[in-house]
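Naming follows writing order (A, B, C and D), and every chain is counted from residue 1.
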Amino acid sequence: MAGFDKRVASLEEALDGLEDGMTVIAGGFGLCGIPENLIQAIRDRGTRDLTVVSNNCGVDGFGLGVLLEDRQIRKIIASYVGENAMFERQMLDGELEVELTPQGTLAEKMRAGGAGIPAFYTATGYGTPIAEGKETRVIDGRDYVLEHAIRGDFAIVKGWKADWYGNVIYRHTAQNFNPLAATAGRITVVEVEEIVAPGELPPSQIHTPGIYVDRLLCGTFEKRIEQRTLSA
Amino acid sequence: MALTREQMARRVALELQDGFYVNLGIGIPTLVANYIPDGMQVMLQSENGLLGMGRFPTEDELDADMINAGKQTVTAVPGASIFSSAESFAMIRGGHIDLTVLGAFEVDVQGNIASWMVPGKLIKGMGGSMDLVAGAENIIVTMTHCSKDGQSKLLPECTLPLTGAGCIRRVLTDLAYLEIIDGAFHLKERAPGVTVEEIAEKTAGKLVIPDHVPEMSFA
Amino acid sequence: MAGFDKRVASLEEALDGLEDGMTVIAGGFGLCGIPENLIQAIRDRGTRDLTVVSNNCGVDGFGLGVLLEDRQIRKIIASYVGENAMFERQMLDGELEVELTPQGTLAEKMRAGGAGIPAFYTATGYGTPIAEGKETRVIDGRDYVLEHAIRGDFAIVKGWKADWYGNVIYRHTAQNFNPLAATAGRITVVEVEEIVAPGELPPSQIHTPGIYVDRLLCGTFEKRIEQRTLSA
Amino acid sequence: MALTREQMARRVALELQDGFYVNLGIGIPTLVANYIPDGMQVMLQSENGLLGMGRFPTEDELDADMINAGKQTVTAVPGASIFSSAESFAMIRGGHIDLTVLGAFEVDVQGNIASWMVPGKLIKGMGGSMDLVAGAENIIVTMTHCSKDGQSKLLPECTLPLTGAGCIRRVLTDLAYLEIIDGAFHLKERAPGVTVEEIAEKTAGKLVIPDHVPEMSFA
């Protein structure tokens, strides 16, 4: 690897340095736009005691759910448990530490982590349990909660196309948390469906500039659908 | 008779206005999209990052990368835009959504809402609901008037952990349409065939009943 | 105008409601990506005592400089005076109130204004005159300054292409502050070079979603160049 | 002999590394781009919203919509990206830039820098400089050692309003390359033909002079 070529040869190389106890920020919403292969590679690696930051935690047997199955996750920062039975059970049993965080606050915390904003105020969650123990303040007559940025040792991200400098474009709503996660990892790893030469992606249409990306690789994706709804 | 889910959606749809950007929560709120009046344009925001959500896809259009906040496969209308979750919630938190419709477990006379957990029993998580209730000026809560075991969900004070404090002004249940003003539910409309007495009996929070409570109309 | 059609018929209509003493946020960096026609229309309108929020203030005789010439601006919030002689003179003479704000903080304040973040912490400016009178705080051992969001009564924005729902795409570095300004106006007016039908712009490539845009019109632009530098 | 502007740029260029994302300020820093060693890839960030700034355009390529932070018309290299000012400063403030090079009026032994105003006389404005010095771990200040009237610009304490506090570790002047460590300038290299004595005389802030101060090399 020389200059700005972010391509790595394998999933192992992509996760080199990932150790027990680290924090991993993952892109994706539900099963849409999740870094399927990197998640599987973390499972194969057997890394434990992870703190995972992700909007939700996959489903039983797919997505981040596989790391729950193997008890590799110590703590989750997420907005939604939903229909993930193992997530809910491990949480209610106290096996899994969960920091439930409103979706917009979670997105903003990731963005702030990447953007050098250590903390910000939001009205979200004021007067609710998630504001307990947090500083609050009245600004222009309204109540706000102070929320802190999130950074991760690793960020794992799913893109659509990238050039080998790590400029990434996402496809449709598979964008979701991915560009935010990408900014907030000390090491950011992106897997995409197609890698092209620098210059092939229009500069003004890049969603994640390559400066945020440390390692890049190409994969194939199952793209499981959670709710297959069709028009009559 | 208590309203059906479809009737509830139809009643909420009357609150829409031409040119409204609207966020519809999961469940009954989602059905509102089926009752947008002819000739009215409304653009649906889905908080996973889509403004201009369209109908469900055909088999040919089906695409795993194109879902809504309920994880359902959807399409985008012409003129839609797609963006990150940070941008999506910038829109929501910044007050740019004209109307938000969402479900709840409980609402109280102070405009508090509880919708995301039942301690020890059920934790769905708040998803985007805390941001939605904090960001919108204009919210309608849709829910059944009572729980399955007959307990009122319109309370003097929410018993479950809150989603938002003091942010709800309008509630549509299967029995009534109510507004929350100065610490009380004001009964504005009743479902066809439902008596004021039944509503009063099933409303645990302070209820203000005007002399005349019209029956709800749906168009 | 019905539904989401944001097109207006004239510059007058675009600025309807703009009154003396209001705050106007303007996109643009230097003379690049500035809403030339809307600026000229404010001049023609003769609105006075304006607070203008813009990275800089044009040059003598062009861009926002024309509003300085006519003494229509009471206060400027900007990061750069640069070579604008009238700006510097009015400021040093005390005719013009100036709130110099670091460029990144200015951008973030506009974004925060549009995004419902009333205030945020940044290391930028700590220990300098711009932190005077502002609250500071140590977070994780580092010093930060609390900065507040900016909103405007009007935002004036220059785009490249838009559909009539107000979805905007910017061209090259003419993007700059424009998408941020667009989010922070109570009334946001956008002028572009071309208006197309909804559906013609790819949804994932929209820089400013139409939800932020209230009024839209098409104009022609001089696009004056400040530093014409050419390769030998 | 004092270094020329070009020699200063060449010396700074030695600090570049393959794969660095670099922000170059206006003036001497801009010239550094001309001395990137062969075979080394460096990507230039321009804080108005361009990562991957290229050379000046030809007459045919000239485009008013394509400028750098110095308002000069430029081109983009293949693999460039263009974004908003908020994104640009997210990058800067978030510490993603590997090296920042910028000019100054004064620097002091505490690593303070002043570069944006002379009270009562001149106000350029800080532009992006306050964000750049706050966001970068790795900054080189380039400036002449003395002002035009012969006053040292390396001070015990800055006299002008600060751009940033305690953020500068490395200074290249036309006379010397110095590092700021524990409240003193440490003389690391001297310009060819410039004596340690001259540097000592022209440095107002505390100066630490090691036994051997090598002459600067440029390659």
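Criterion: a contact is a pair of C-beta atoms (placed from the backbone, for glycine too) under 8 Å apart; a residue touches a chain by one contact, two chains touch by 3 or more.
On a predicted model such as this, the values are computed, not experimentally measured, just so you know.
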Touching both chain B and chain C (chains): A
Geometric centre distance via CA averages, chain C-chain A, whole Å: 32
Averaged-CA centre spacing for the pair chain B and chain A, given as whole angstrom: 28
Averaged-CA centre spacing for the pair chain D and chain B, given as whole angstrom: 55
Where chain A and chain D are represented by their mean Cα positions, the distance between them in whole Å: 36
Multi-chain contact sites of chain B, meaning residues that touch two or more partners: 50, 76, 82-83, 89, 92-93, 134-135
Residues of chain A touching at least two other chains: 108, 111, 115-117, 122-123, 171-172, 175, 203-204, 207
Touch-based graph of the chains, sorted into line, ring, star, complete or other: other
All chain pairs that touch each other: A-B, A-C, A-D, B-C, C-D
Chain D partner contacts - residues on chain C that touch it in the complex: 29-33, 55-56, 78-82, 88, 91-92, 100, 102-108, 110-111, 122-130, 160, 171-180, 207, 223-231
In the complex, chain C residues that touch chain A: 108, 112, 115-123, 139-140, 142, 144, 148, 169-172, 175, 203-205, 207
Chain D partner contacts - residues on chain A that touch it in the complex: 2-4, 111, 113-117, 163, 165, 167, 183, 197-199, 203-204, 206, 209-212
Contacting residues of chain D [partner chain C, same complex]: 46-50, 55-59, 62-68, 70-74, 76, 82-86, 88-89, 92-93, 112, 120, 122-131, 134-135, 161-166
List of chain D residues in touch with chain A within their complex: 18-19, 21, 40-41, 43, 45, 50-52, 76, 78-83, 87, 89-97, 134-135
